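Several structures are given next for inspection.
The same chain A turns up in both complexes below, where it pairs with chain B and then with chain C.
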Partner chain A sequence: MGISKKPLIIVIVAIVAVLASASMIAMSLIQSTMTQATTTKPPEISGIVNGAGATFLNPQMQAWASKYYELTKGRIQVNYQSIGSGAGQAKFREGVLDFAGSDPPLKADIYQEFKEKGGIIQFPIIIGTIVIVHNLPNVESGKLKLTGEIVAKIYLGEIMYWDDPRIKELNPELDLPHEKIIAVHRSDGSGTTRVFTAYLAKVSEEWKNKVGSDFTVSWPVDQLGNGVGGKGNEGVAAAVKQNPYSIGYVETAYAYEVGLKTALIRNRDGNYVLPTRETVESAAKALVQILPRADEDWSNVFPDETVDAPGRESYPITSYSFIILRQVYDDPVKVAILKEFFHWVLTEGQKDENVVRGYEPLPPEVAKIGLDGLELLRTA
Partner chain B sequence: MNKRKIIEKLMLGVISTLAVISAIPIFAIMFNVYAEGLKHVNLSFLIDLPPPPVGDRVGGIGPALVGTFTLVSLAMVIGGAIGFFTGLYLSEFSHTKLSQYTQMFLQIMVEFPTIIIGLFAYTILVAPIKRFNALAGGFALSIVIIPYIALNVREAYKSIPYTLKEAAFSLGVSAPVAYLRILLSTARRGVLTALLIGMAKVAGETAPLLFTILGTTFTYFGGLDQPINAIPLLIYNFALSPYERWHQVAWGAAAVLLTIILLIFIVSRLIVKEVKL
Partner chain C sequence: MSSGKIFYNTLTFLVFISLFIVIAVVISLSVTSYPIFLRDGLFFISKSVWNPVKEEYGILPALLGTLITSTLAVGLATPLAISLAVFSAEIVPPRFRALINNISDLMASLPSVIYGLWGLFILAPILNEYIMIPLHRYLGFIPLFSTKPVPTNLFTASVLLAIMIVPFASSIIREAYSAIPYYLKEAAYSIGLTRWEVIKIAIGYVKSAIFAGLFLALGRAMGETVAVAMVVGNIFNLPKSLFDMGYTIPSLIANQFPNAEAYNYMVPALYGGALMLFLIGLVINFFGLYLIKKVMIKS
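Up next, the complex of A and B:
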């Protein structure tokens, strides 16, 4: 047992440090060779912007960011991380993010605060839809017909069985079983719940008075023991899949990817619709005249005024995802990147090949809100 | 055979079975992760950028892998050093009031929810500089491992026979030489195990990173003052999505992470075996 030549920890630390720095250098070399092509051209703006927020928006943002990274050969890197709408707004407000993605727009008081501190813009970037899903073993997807009022009554606990006369009346051709309806809902605070309950409140006076609309609500059906909570869209989708005779609401992408059966829902004009390109576009176009400008307050418009849109084809439960930007940035490079990237997203990004399944593109009239808003970006 | 012997055999059988059952989950987890994940892992998976949810690109976990190496190194440099010296102090100056209180607080810190440590790092290292950054993540991970390392290093030094300590000091060398050269070579297996277990722990932590490093999609390493990614964070984000492509990347990343952690454990086991007192 002799004196060791060097303390072993130092060796360990050195090994770790060497490994890490070697991998960093290797990676930055790889990256610089990948971006070489652009650096030899005349100087163009290049750099990174950091954003975060809505989980719902994340897959579509990654698709856009990847496409734009390829198109610009790595010149523009838009880093978006999914931390939730609430966290995104909060971190953006604390100034640690360049932009936020959010399902709800800013609340009125926070909008005011930003407005006094140099200004804010917020605009829709993509449309999402919420679809009613069910797990009725002998009913095919897209066959069950429901109305907003019936869905409200199910979640209120007033309609408890699938063979309730009010459901049978709408679906004379279906063989509905005498089974209890298990109503699945989100257990966590969610923009999805906010939009879904805004819809129920709009079509059902009773829902409006008894429950209302918020990111989380107290579900009357839970008190009867027929409600089930799931965390996140994936939790609700899993709960519906596992429980026969259940009903639930999820962002449409989850219904497709998990393979859930969807239900038709009656729109304001009395037609039964599913979320499709046409029905969503119809709803969005019907709303164009009531939508504010990008520098205005959206809190009293969305989602309470945007659900249950008029129009023969319109799908009633649509939801916008918003991008929130400051009007004034310190760094002119950031302003240029944000303008360039979001301009592309609002034009080329809305084309079919750049829109991920489960999302619907903005009609040009709605995309214009964002394009006009981007003009307000400037440096201090 | 008499009744006593039968009962003894029976009970031994039951207890052995229970011991085997308790080990099943770890093998089930390993089997599951490797069965689902290993088929996605290859060299380009370790280097490439993460893919978009749909399209042709298979993608990989390059930035997350580099990020995890960076963060673990930071945590070991900051937390390893502080933890080691704290442990040494706790062992060799255990009679002082400060030592007793420090030990008590470290024992509480071991049980601290790591998400709170992340929030703390956000408050002091992210909010003031107005950017999510790698240093804040490394700092948060350091705080997570300091108590582990300190308490284990303390055990390692405590296990050195007192006569050996007396012998070391009787050589007339200075205290640093006695503690860091002579006595460390005796305690090294305990110290190394402490450091490696700490390393394995931080390599798999997600919660302290949620509010500190943000995550990146295209950047491997942009500087310590810039956002960075990490494997556990990538798994967390991709596994919750509805997209098959991202699930595959998450499974592959889980296999890589598990391999890193198993390697660290194997190395630490080997060290324990090879060092003879």
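Up next, the complex of A and C:
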């Protein structure tokens, strides 16, 4: 038995090996002819640029970087480390990074400091959305209607029960229980909180005066014992899932990944909307008029003016992620790479096949801000 | 130079490196946190506020949370660690001994983020359903259990920490326990003591190892960041009961450090928290050493 089986095994192994190597050769042949067909220009520059910053931007940045690395056959390598917006900006200021990714743009005083030292450009690179989620056992996803003022009052601790008349009034068809609302929020400093609290500050004067808007705020609802802090989107998602009768806010992709119920939110024109391609695009287009140029100060525009955008279809809590570049670099190769890469990101990179799930592409009008800004890059 | 001399010099050099590192840590912590102490003085450790919008920082709740969770964790872990050590050294059949020891050592080396995720998604809901809600319902009149629990709170963090530190403490105790000279135990058996009585004597014999293991475990519990940040609730309030959500210094650092540099005083505040943690650790260690000495002299 043993003797007769051995040759058979050897034959099988040999066949498999031959097939495998043949297919590999064939694949590489196909690949090389394909890349030969697509690359028209001979490579001129090559090198590495290093960036770091917003964690929110990270998955999309990695996708763009690896796609572009492939497209240029390794000619251009873009490294991005997700260390947080604040840390990214700080490291960029120290001069150890070629670019920073950030949820909020530079603060006014830091912008001014850069401007005096040769200039800065900052432009939106992708859009994200924040969705209100809840855990009301008897209410389906996408049915609960809320307004910004009500959400603000919940996080202020003024609306404490689900059957509060102000919530009932908006949802006459829902059976809302007399249960305490547990308000879940991010415990780590995050751009998501910055945008969410900017929205609350915009729609509620009381929120603006009492709490304000930042990466981390002091949540009034916590003092009443009805708040829960979750670390990261995953922490908030888990807290909402585990606490019946809770409410929270997460980046939209997480809500769908974890299967959380979403709430409709009333936009400025009075319609109840969820974040979709259409409502996000509508909001972005409504804002084009007020957006600054890439070399201008964005700190008083985003996110405080970009939330609660006008427009019948507009979704009110959208967030832009920014790329921050110096205008002047010592190394001409860096300038060329940054220009080439971000030009690609703002054009080809915004196409559906290059946009990671959970992000929304920039409308061409908004992408143009970055494209114009890239023209300002130069060598010392 | 003789080989003995070289050996001696190398050792001295290495000792000084360790000493130098500790001093360097203290200096950098002090220098970086200096601005917050200069601005707020002792209010920084006696106030309860974390409001970056107004740059107000007072870390009292996080200090208390650290002490509560680590003390409770060591309290819960002590009987478990001793039992596990004795069980694996004394009771379990020799052929399963290696298996149990390997599993225990593997538990000690698991990355804490794994414990954190497991704690958040599995442990927290189970504890809530079967322990915290019943405790609150039937013993809610005791202040310790007076808060209506949510799955993530100081208690959950303590239990998770206890689970994380048991293998640490137990492996040290186990090594000491197995090193007890066999003739001592044989002598004990020969005068007619029962197995339980022998174990009691043996545990007394390794008392200092038990203390050492528990202090090491306490250090790990006090310094744990990610795992605690996931299950402690992260609410900046002074805790009134075990079921309140809270904060610990390490989890505060884990939560707030990534964006801290966007503020003028948050980095000093976080370093200040680390410095306080260091000082507390130092005090506890000195106290521990003193205790061990006392125990050793007595026996």
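Criterion: the second predicted complex is superposed on the first by the 337 of 380 C-alpha atoms of A that agree within 3 Å, B and C clash if a C-alpha of one lies under 4 Å from a C-alpha of the other, contacts with A are read in each partner's own complex, and residues count from 1 in each chain.
Everything below uses one rule, namely that a contact is a pair of C-beta atoms (placed from the backbone, for glycine too) under 8 Å apart; a residue touches a chain by one contact, two chains touch by 3 or more.
Keep in mind it's a predicted model, so treat the numbers as computed, not measured.
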- Message: With both complexes overlaid on chain A, does A:I182 touch chain B (first), chain C (second), both or neither?
- Response: second
- Query: Touching A:K210, do we find chain B (first), chain C (second), both, or neither?
  - Reply: neither
- Message: Once the two complexes are aligned on chain A, which partner has more residues of chain A within touching range, chain B or chain C?
- Response: B
- Does chain B (first) or chain C (second) touch A:T55, or do both, or does neither? both
- Message: If we overlay the two complexes on their shared chain A, which of chain B and chain C does A:K115 touch? Say first, second, both or neither.
- Response: neither
- Query: After superposition on the shared chain, which partner residues are touched by A:I83: those of chain B (first), chain C (second), both, or neither?
  - Reply: both
- A:D222 contacts which: chain B (first), chain C (second), both, neither? second
- Message: Which partner chains sit in contact with A:R293 here, chain B, chain C, both or neither? Use first/second/both/neither.
- Response: neither
- Task: Could you say whether A:K143 touches chain B, chain C, both of them, or neither, answering first, second, both or neither?
- Result: neither
- Contacts of A:K67 with chain B and chain C, given as first, second, both or neither: first
- The shared contact residues of chain A with chain B and chain C are 55, 83
- Of all residues in chain A, those that touch chain C in their complex: 55, 83-87, 89-90, 107, 182, 187-190, 211-218, 222-223, 225, 227-231, 235, 238-239, 242-243
- Can you list the chain A residues touching chain B in their complex? 1-4, 7-9, 12-13, 16-17, 19-20, 23-24, 27-28, 30-31, 48, 50, 52, 55, 58-59, 62-63, 65-67, 69, 74, 77-83, 94-97, 232-234, 237, 253-254, 256-258, 356-358
- Message: Could you list, by residue number, the parts of chain B that touch chain A in their complex?
- Response: 47, 49-55, 57, 62-63, 65-66, 69-70, 72-73, 76-77, 80-81, 84, 126-127, 130-132, 180-182, 184-186, 188, 191-192, 195, 199, 210, 214-222, 226-227, 237, 240-244, 246, 277
- Item | Residues of chain C touching chain A in the complex | 49-54, 56, 120-121, 124-125, 128, 147, 150-152, 229-230, 233-237, 244-245, 251, 254-263
